[in-house]
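Shared between the two complexes below is chain A, which has chain B as its partner in the first and chain C in the second.
Showing the complex of A and B:
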């Protein structure tokens, strides 16, 4: 029991107790110096009218809509590696490399490459195409940021799918091949259905990851801008607590984010327990 | 049958081309950073794509001392080392208790630790900052170490519990019959036995701590960690790309070394964590 104490204490003091405290703060008008008064749902109602919050939620929806891409690309690559594409050992280890670099490192490098007078535009200019201010333009900033996020995390997805593929029965694939099934038929009718638990699992953890681990990239690449083009909920929380000095409001946005991630976590637990029952 | 096999092999060979390009794209950014870090500012202006023909270490020297990366590097090393060691100790103790000892509410406490996985730092940002202020932990290394430990702990506890559950119970029984106290059992038996899992966890946690930005941005406002320092550098030296990229290389170097040395362990650790949830 005593052995468990440090772990329990750390988790309680820094995570579980703050969760309840945060909910309490979200119901007040607190600032960084003044505890404020109880204002009920005031902060939540204010959020509904706040353009920053609205665009953060709209951006979150855009981010969520990109989840299928984040799941499909690693799945296809993993199946190809599993099927014995030439150079697979090399691919396997290299794909994983961006995933271990800090989002700060990745963001820094891409901010140089993608800046208006950066390398990509210099290349495009050579080809006679005029450059685009990739990160300074509100139409391209979010898609480009998402593309970088996808590029930097797909290796992790490949690993997860490869781990799942090792459980797909070789006999079934071989039997289908002997029956004269074409490659895409084997993929579609044999491999992908067998991967279903992994697809579900990967979808949930990718979604949670997109909602809670893009801060570093956004902080370095765009600072949430231009305007609010790349402000997602987690970034708005940080900005509201610090720069905007509206901690109670930040706490309310935190609760909204918590609601979103808990629904996903609930799904994850359901998937895991259902798979365990099979 | 052999016809279909041949066609499949051809299809795979064709697929290898875009896959190879993708692989190159994974290596290009770090190559870009290293290559430009060795150029002078004028070299970079003249030819940004070419190889650094007359490599210079000037940028590294400048970034290390004038841009204070030496200071930031030290802060990151202290925080990462401290947190990794603390994580090993705390998760090994917790894993030992949860896997091998019998006490009331064991399952409930395990669930409490795991449930905190659902509470990332963004969700408790404001009260977390207030807790840190109240405990006088802001701008201290110990504060950052404790924060990292708290936020990276659940996964480590889960891994250690799973690992210790797989060990035969007789090991502990034998040690206890010899009259050893629980603390001795943990120190002399469980800690050495847990080393394979603990080393994997140490590597994975080193990646998480070293790469973190949000927690260190919150806790270490005065004594920057390397990642906070690099993101500040970006604004300051935006017209001195070679200097900036040398900073990136310094910040990424320890991780790249870890990747080269322990690639297999990192891969298997993540795969295990992913599949078991």
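Showing the complex of A and C:
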């Protein structure tokens, strides 16, 4: 017990206490210069009436709907690498390269590439297609931001799936091949079922990552706009605290985001415990 | 006994050390800027000469995160003694953590202009403005000439401005105006510039108090002008994804557009453009308004301006008197003259000598300041209204919202931020 004490203290001081402190602040009208008064659920009710909060939650749902893409692409690439495509060592390194770049650098690069006078529109113009303000229109800003997030993170997914693939039974794949199974049948009936625990794990960590780690990219690429097209809950938290001097409201939105991620964490624990018995 | 004496002496020294080595900490986002170095050096030297044993510790803070860091520090009673802030909503959001300075520095305050951007809801002054900030339009004289326009006669009315932009639109390139609204800042500039002559003095006061609404005719006309200018092709394409600082102004200097809505102080101002484009290549004019208020004469020279940046004193500072004196020195005419000469900022203190600056642009601007200056509309808006205006301006620019919808959304935010009794 004594050996666990430092770890317990660290968790209590840096995780549990701030959580309860944040919850307490969310029940007040505090600003940065005024501790405010107890207002109960006032900030939570205010969030329900805030169109920007509603937009942020709708965007969060849109982000969650993109999770299958974030999981499928690295899985397919990992299977291809595992099956020995020519140059697989090169691809494995190149795929992982964006994962070591900070979101600010990635955002800056793509701000240049996707600006109206940027490289992508220059290519389109060469093909006789008019340029698009990719980051300046509501219809394109979020999909483009998600595509960049996918590009910048899929390398890590590839590594996770490669680790998972190393556990797939070679005998089963060989047996399927001897039985005359085609390549897609081997994928669908042997490899992907074997990868199920990895797919589920990847799905959960990708979901949590998308909800809590897109701030840097959004800040640099779009600033949450146009309008609220790319405003997600974590960006709204920053705006409430940093721009509007509303730490109590920011704390309330943080608690909502915490609740969302907690539910996902609970799912993760359930999935992992279930798979432990497979 | 000897040991006791030594221990007593050490204890006395430790107890006395805060008095012997008092330190006044200043948070400011410009400390690392080379152009500000002489100003800070002289302020530090003047302070430390006036208070032997005390030091002025100027700490640079990141611009983008400044108010987040400051808010957190103030909330935990760990903020600096002296606080730098931009005038308007950001400064006004901080007044609860500051001391009023009216009784502390009456002589200095009597020589200042641009105080309203730093005045709290109780009418007291919480920051001493050092520079003024306002908005004018800078234009590229070579591009005017190439388009067949007289580069020495910039537009003075909305009709003339429309004619200028029609001319550039007809020629295809360059764009009439640069637009950089990724962060919503160009919409802020447009709001203040277009309101230059749109509001009566009473309406200006009503706007500050939240009694003039976004859906009221003079403001709604500005929203409509924002939509119309975009629809009529005044701006280059991609304005909603264009960064303002400093990309927009660099592009203007490269000739991407003929006009840009700029500032009076710090950056994107007369000094920067005259230095980078050439004194005879850049002109300046006050932006005309789409509607003209009853007490205004259309085309009369004048600019929207307010306190640009200023310094306040943290109410939790353990050395309030010293901190107040640091603010006095940072805003004194002698020290401020270095800032004005090195950065081209327009001083808020009328006693700063600017006669040494030989700039045609600054001479024109100083003349307009003396003729007519109105408060900047955006500096008298709440932070929440500006935040919403950033969003609505982007939607209006794209045609994704109507003026009516934007005005309703902005009215709601205004009612929440400035509740009427």
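Heads up, the rule we're going with is that the second predicted complex is superposed on the first by the 262 of 278 C-alpha atoms of A that agree within 3 Å, B and C clash if a C-alpha of one lies under 4 Å from a C-alpha of the other, contacts with A are read in each partner's own complex, and residues count from 1 in each chain.
Here is the rule we go by: contacts are C-beta pairs under 8 Å (C-beta built on N, C-alpha and C of every residue); 3 or more make two chains touch, one makes a residue touch a chain.
A quick note: this is a predicted structure, and the numbers were derived from the prediction, not measured.
Contacts of A:134 after superposition: chain C is touched, whereas chain B is not reached.
With both structures placed on the common chain, the touch criterion links A:33 to chain C but leaves chain B unconnected. Of the two partner chains placed by the overlay, chain B and chain C both lie in contact with A:247.
In the superposed pair of complexes, A:7 makes contact with chain B only, with no contact to chain C. Of the two partner chains, chain B is the only one touched by A:258; chain C is not.
In the superposed model, A:70 makes contact with neither chain B nor chain C. Of the two partner chains, chain B is the only one touched by A:95; chain C is not. More residues of chain A lie in touch with B than with the remaining chain of the pair chain B and chain C. Look at A:53: by the touch rule set out above, it reaches neither chain B nor chain C.
Look at A:111: by the touch rule set out above, it reaches both chain B and chain C.
Comparing which residues of chain A touch chain B with which touch chain C, the overlap comprises 111, 115, 238, 241, 247. Interface residues of chain A facing chain C in the complex, by the touch rule stated above, are 30-34, 51-52, 111, 114-117, 131, 133-138, 222-223, 225-228, 238-239, 241-245, 247. Contacts from chain C toward chain A in the complex involve residues 65, 67-68, 70-72, 74-75, 93-98, 182-184, 236-243, 383-384, 387, 390-392, 394-395, 397-398, 400-401, 409. Residues of chain B touching chain A in their complex: 1, 4-5, 7-8, 11-13, 15-16, 19-20, 22-23, 25-27, 29-30, 32-33, 48-49, 89-91, 93-94, 96-98, 101, 103, 109, 112-113, 115-120, 122-131, 146-147, 149-151, 153-154, 157, 182, 186, 207, 210-214, 217, 227, 230-231, 234, 238, 241, 244-245, 248, 251-252, 255, 258-259, 263, 266-267, 270-271, 274-275, 277. Residues 1, 3-4, 6-8, 10-19, 21-22, 25, 77, 80, 83-87, 90-91, 93-98, 100-113, 115, 119, 122, 151, 155-156, 159-160, 162-164, 177-178, 180, 182-183, 201, 205, 212, 215-216, 219-220, 233-234, 237-238, 241, 247-248, 250-251, 254-255, 257-258, 261-262, 265, 268, 272 of chain A are the ones touching chain B in the complex.
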